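Just below sit the structures, each encoded as structure tokens.
There are two complexes below, and they share chain A, which is joined by chain B in the first and by chain C in the second.
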Partner chain A sequence: MSAGIGMVPGARARSGDTAGAWARRNVWTLGLIGLLLAFLALTKVIQPNYGAPGIQGLAISILPIAFAAVAQAIVVISGGIDLSVGSMMALASVTSAVLMKDQGDVIGVAVVVGVLLLGATVGAINGGLVVATKVPDIVVTLAMSFVWAGTALLILNTPGGGAAPWLMAIISGPLGSPWLPKALIVLAVVVAVVWLPLRRSTMGLALYAVGSSRLAAFRSGIAVGRTKIIAYALTGFFSAMGGLALTASGGVGAPVPGSYTLQSVAAIVLGGVSLAGGRGGVLGPIIAVIVLALVRIDLTFLGVDPNLSTAIQGVILIGVVMFGSLVAMRKVRA
Partner chain B sequence: MTRTAGTARSADAPRSPLLSGSAWRRIIRDRPLIPLVILLVVLVAVLELAKPGIVNGNWAATTMRTAIPLAILAACQTLAMLTGGIDLSVGAVASMAAFLMATQATGQGAVVAIAIALVACAFAGVVNGVAIGVFKVHPLIMTLGMSLVVLGLMSVYQLAMVQSGTLVPDPIQWLGSGISFGFVPNSLVVFVPIAILIVIGLRRSGYGRLLFAVGDNPIAARLSGTRVWQVLVALYVMSAILAAIAGILIAGLLNTATVSLVEQSVLPSVAAAVIGGTSIIGGRGGYAGTIVGALILTVLTTLLTVLEMPEAVRQVLFGAIIVAVAAAYTRVTGES
Partner chain C sequence: MKRIGMVRSLVAVAIAAIAVGACSGGASTSPAASGGTGAAAKYSIGFSNPGGVGNGWREAMLCSAKAQAVKSGEVSKVTIFHRETDAAGQLADIRTLIAQGVNAIIINPAGPDALNPAIAEAIAAGITVVAVDASVTAPGAYNLSNDQEQYAYLGASWLFKEGMGGKGAVVYMRGIAGHPADTDRDTGFQRALKENPGITIASTAVTKWDPNTATTQINDLMSAGTKFDGIWTSGVDSNIVDALKAAGHPYVPIVGADNAGFVTQLLATDGPKGAAVTNPASIGGAGVALALQILDGKKPAETTVHVTPELWSNTDDAGKAKLKAAADPSLPKTWPLGLTIADWTTYSKPELIACKGPGEA
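And now, the complex of A and B:
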């Protein structure tokens, strides 16, 4: 009981006991990893040819959604929700594609950095509006999704522009072993460099605190408004990563936001992030994205109508959430 | 400092002959319809200035004809938002109603086709309501998942029905797109009873009060004997049936039916309810404001089209206006 509840991760490291506590805390993520392995095995059974090339294709195709899920996870952990993730991705994608077309490597790198800064700024604007107007997050970001999508359309009316060759090379193909796609490494490195140090910092603790209880966080001396704005800025940053991934994987800028916003919300819920805030991480949502993609691949291999697989994904989403809330209700009663 | 200034002004307000800031504030808080109607009139005036002669009986009829389905979809959001929920499945459900009706009408006749559409939508509503009310699934997630399920199933159904083709029956076309006497859209026949029922039902009926009670404080509602889950199941069934009616009207208006016919109206329906003064947190709002909100959005779209704004600018302005109106409401009602 005393170990691991309400504690800073790793604050009182005792082997054995803490391992158990860690497993208890991350039971949802561990379950998802099990599910992922089960689906990988199932895919191999259904399609014995499925191997390294399949994994590489999978990694590239999930990259934009995975970044969108990380973006959504951060803002939901801090107690908000961002329905403009898809629009911000479109904005980042067209901006990078327009600026990068037929340019050298140096300018290309500058564009990538610039677009990431743009994403963080755009996200901070979302957060600033939420804090300043006190309008519920869902309304502000819903409205801002129109604004960012419109801006993306102003920049580029139809898919166009171009991606720098190195940007496309950075996510395609394997690194070392053919089983290790570069896209997965990019995802892991970006998340490890940006999110992990942050989560361990005071700022990360503040994010979780604000998400758990704004009032308690405020009374503990956390600058709630600033924390929310930073959370939204991070969401903008990762959305911009998703937009860059879209440009890199498609080779052109995509001005019309796909269903990334809704997919990101689905992924974080499956990934064990509570919509009420303060609970969850970014690993669960990333694994959930991969599992959902595998479900789609398996259904295609089985010859199921791709339309029906949309319905099946909806059923999985609802089923998992119902299961989760049933477990939660049991706990409350016990 | 600013707080003191605010109270001082509100004490002076009744004596001031002109409407001071706080008097406006009270009007917006207690009678949100007045500023909304003023905004609508201003928009119409700007439209007339931008293109003299455009505002006439026929214009009013076509505007209402477009606004009515949106207002019905926004009714779904208004009712759901009063309880603190939201119904993002209205687009998929309304499209399902339109498509089922249009495909079944070729073989079964209009009446049976409409009945099939309504029953299918009501079933979707029951599933939504049970999951949200009994299993406590977050409404956003549940209705989102439901729209995926409905869209997927309808796409499969579309492939199965590819030979039968679609047919929007003549009475539905008359209802959705017809205009009588030059200025009365026929869809008012459907809309007026619905609007009266919802506006009066929310204020006067016990069920209407329960919706407010559940949204205001679900625990208090439960402790005072409300069976919250029954309220929610009834709510989402009603929402699905309203969405079905809107979908059938849109099919009549456009004389077409596809599986994603109404999808692009989902976000505007939420916007109409928000502009109309219904709080997404629950417990505050009403349908009269939503109707004006739907009219405002429709007139605004016309205005931006007349001004030859590109679609992109229209979207940006659309978003900016929603944030501005919502911020104004939050300021005057003092909700956080």
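And now, the complex of A and C:
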């Protein structure tokens, strides 16, 4: 599974260096996995009693951000960017919490499906506006972020509502081994079921092609507008998953979201997705989310001053990205 | 090709720099050290505060927790999560504290219900949980809070009756939407409003307890020409007085908290007519004291303990005397003056201001 999600098609690469490009892109993901293992080991060294419960808590807490990162990765791969991810999460969270409060399991399932459709619709509206108005993605989605955030506050002006018990149970605790948190399984299953088949389809290729070069894609007969709208719809879908994860983790709807939009951008940058589009996968960003969470946890355990810790996290993020870019550039030269 | 790669990495770095502010979580720990008073420093305490970074009240709350931990001599380590986040972020912080294996967790909750899953996990792990400032509904958690409903009712009643003479329009400057303390204060405010039918609301603003946000909001109101005869603030107060002064707007009666800057303004001869309602930030230290009591086996009979607020107005002599006694211009302007709570905190004011946890030099 990991290779599948992490792989990037050689849409950009010439036939001669396809193998080299493949290896280079996977080096980033593999490097991130190495970084993740290093941080896990470091955490264990700093805090010897960090164990299975810590991993479970970590999995639940990264779930909303991981979905946000997947959402952002898809739209950025297609050559766009969506600054309304956090607002769409808030919208999905309050909608689900309001509709699910004091309802049975059947209605709960219907609400989850409905909210995911709502997310896809909201995302498609973002995409439709980008395509129709030709205003830059960053401007359209920034403006829409206020629209969706305001809508979320209209639905619920303070945290409230409720979550179906099964929804909360589905992400809390382990499955089988205490080292296998349910939240991680949910994340893997959703991404595998939705993203993997799509990635391997013509549509998936079109996403990368449009992100890589809009003109080339257009001349190859790809419906660029439709592809962009679908990419934004997918981003809306995964943002809605993130919103549902927020509702599930606290049991109430949160109308004012945390800074998930920027966290998602940080995660995809660290996760090896090119902001210029056409490159990257979703496994890298997911691992990047976990790495960023571990950095914060480790700095806490180490007793670093909160303000200094913020600065250190920035330096680590920039350092890793710059180091990665340098290595990549060297390889191109060699 | 190479140049494009360079540009991309620069763009990536720039975006990363912007983004890091978002994923930053402030947290600090005091390293292990032996207690100062000879008792065994055997407990490790965690504190989770999900907002108000840079807000004097929240900073003082955390300092009081550190000071009380040192003074007790029973605490070897205080781990503090102090960052701007939502309930989901605070859930993560609480779970990190559980994973760290602390003995007690003090929480300033982002919501009354949303933290319950993690609190239940903490209690199941044998950790004592004390919510300060506002309450949580999780069974088994202790609540030690200022009586927020009474806080708002006292101030609003004074403002409507004494301040505004029973009629006029009030600007209602709330805290964080959904924060339990804000919800309780709203209940008290609305009760006072109902008892004073001559008062209308000119505008409601949600300040997030952030001085800059609140200043922008009052400036917007003034430039929009909104007429108001009084201002009720949820504790972001001195900057509102400053904004009125800067805009040349005549002072209107104003209610705030017992913050250093605001009390100084109330005592100034050309200051506004107003009242300060006490809301001791030392509730953080009191929370540590309560947690230590419970850890030592002295559980209180009730799981909810309220600290009752007082009102000091500059329109009567008794209030003026209290304001004068409390005033301390040497403190940062947004810091509260209620730095100790009798029966709960045992540190001295300088110890709080030093803001050092166990083992911190």
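Keep in mind that, in the parts below, the second predicted complex is superposed on the first by the 296 of 334 C-alpha atoms of A that agree within 3 Å, B and C clash if a C-alpha of one lies under 4 Å from a C-alpha of the other, contacts with A are read in each partner's own complex, and residues count from 1 in each chain.
The rule is simple: a residue touches a chain if its C-beta (ideal position, glycine included) is under 8 Å from a C-beta of that chain, and two chains touch if they have at least 3 such contacts.
Please read all numbers here as calculations on a predicted model, not as lab measurements.
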**Request:** Could you tell me if A:L154 is touching chain B, chain C, both of them or neither one (first, second, both, neither)?
**Result:** first
**Prompt:** Should A:G314 be classified as contacting the first partner (chain B), the second (chain C), both, or neither?
**Reply:** both
**Request:** Could you tell me if A:L142 is touching chain B, chain C, both of them or neither one (first, second, both, neither)?
**Result:** first
**Prompt:** Looking at the overlay, what does A:M322 touch: chain B (first), chain C (second), both, or neither?
**Reply:** both
**Message:** In the overlaid three-chain picture, which partner chain does A:L58 touch, first (chain B) or second (chain C), both, or neither?
**Reply:** second
**Message:** Taking the superposition on A as described, I'd like to know which of chain B and chain C A:D305 touches: first, second, both or neither.
**Reply:** both
**Request:** For A:L246, decide between first (touching chain B), second (touching chain C), both and neither.
**Result:** second
**Message:** According to the stated criteria, A:A231 is in contact with first (chain B), second (chain C), both, or neither; which is it?
**Reply:** neither
**Prompt:** In the superposed arrangement, does A:A92 touch chain B (first), chain C (second), both or neither?
**Reply:** neither
**Most chain A residues touched (candidates chain B, chain C)** = C
**Message:** By the touch definition above, which chain A residues appear in both interfaces, chain B in one complex and chain C in the other?
**Reply:** 153, 157, 262, 265-266, 269, 275, 305, 307, 309-310, 313-314, 317-318, 321-322, 325-326, 329
**chain C to chain A touching residues, read off their complex** = 1-2, 4-6, 8-9, 11-13, 15-31, 53, 79-89, 91-92, 95-96, 98-101, 110-111, 113-118, 121, 125, 177-178, 183
**Complete:** Within the complex, chain A is touched by chain B residues 86, 131, 135-138, 140-142, 144-153, 155-156, 158-159, 267, 270-271, 274, 280-281, 310-320, 322-323, 326-327, 329-331, 335-336
**Asked** Inside the complex, what are the residues of chain A that reach chain B?
**Response** 81, 129, 133-136, 138-140, 142-147, 149-154, 157, 262, 265-266, 269, 275, 305, 307-315, 317-318, 321-322, 325-326, 329
**Fill in**
Seen from chain A, its contact residues with chain C in the complex are 47, 49-51, 53-54, 56-58, 60-62, 64, 153, 157-160, 168, 172, 246, 249-252, 254-259, 261-263, 265-267, 269-270, 274-276, 292-293, 296-297, 299-307, 309-310, 313-314, 317-318, 321-322, 325-326, 328-329, 332-333
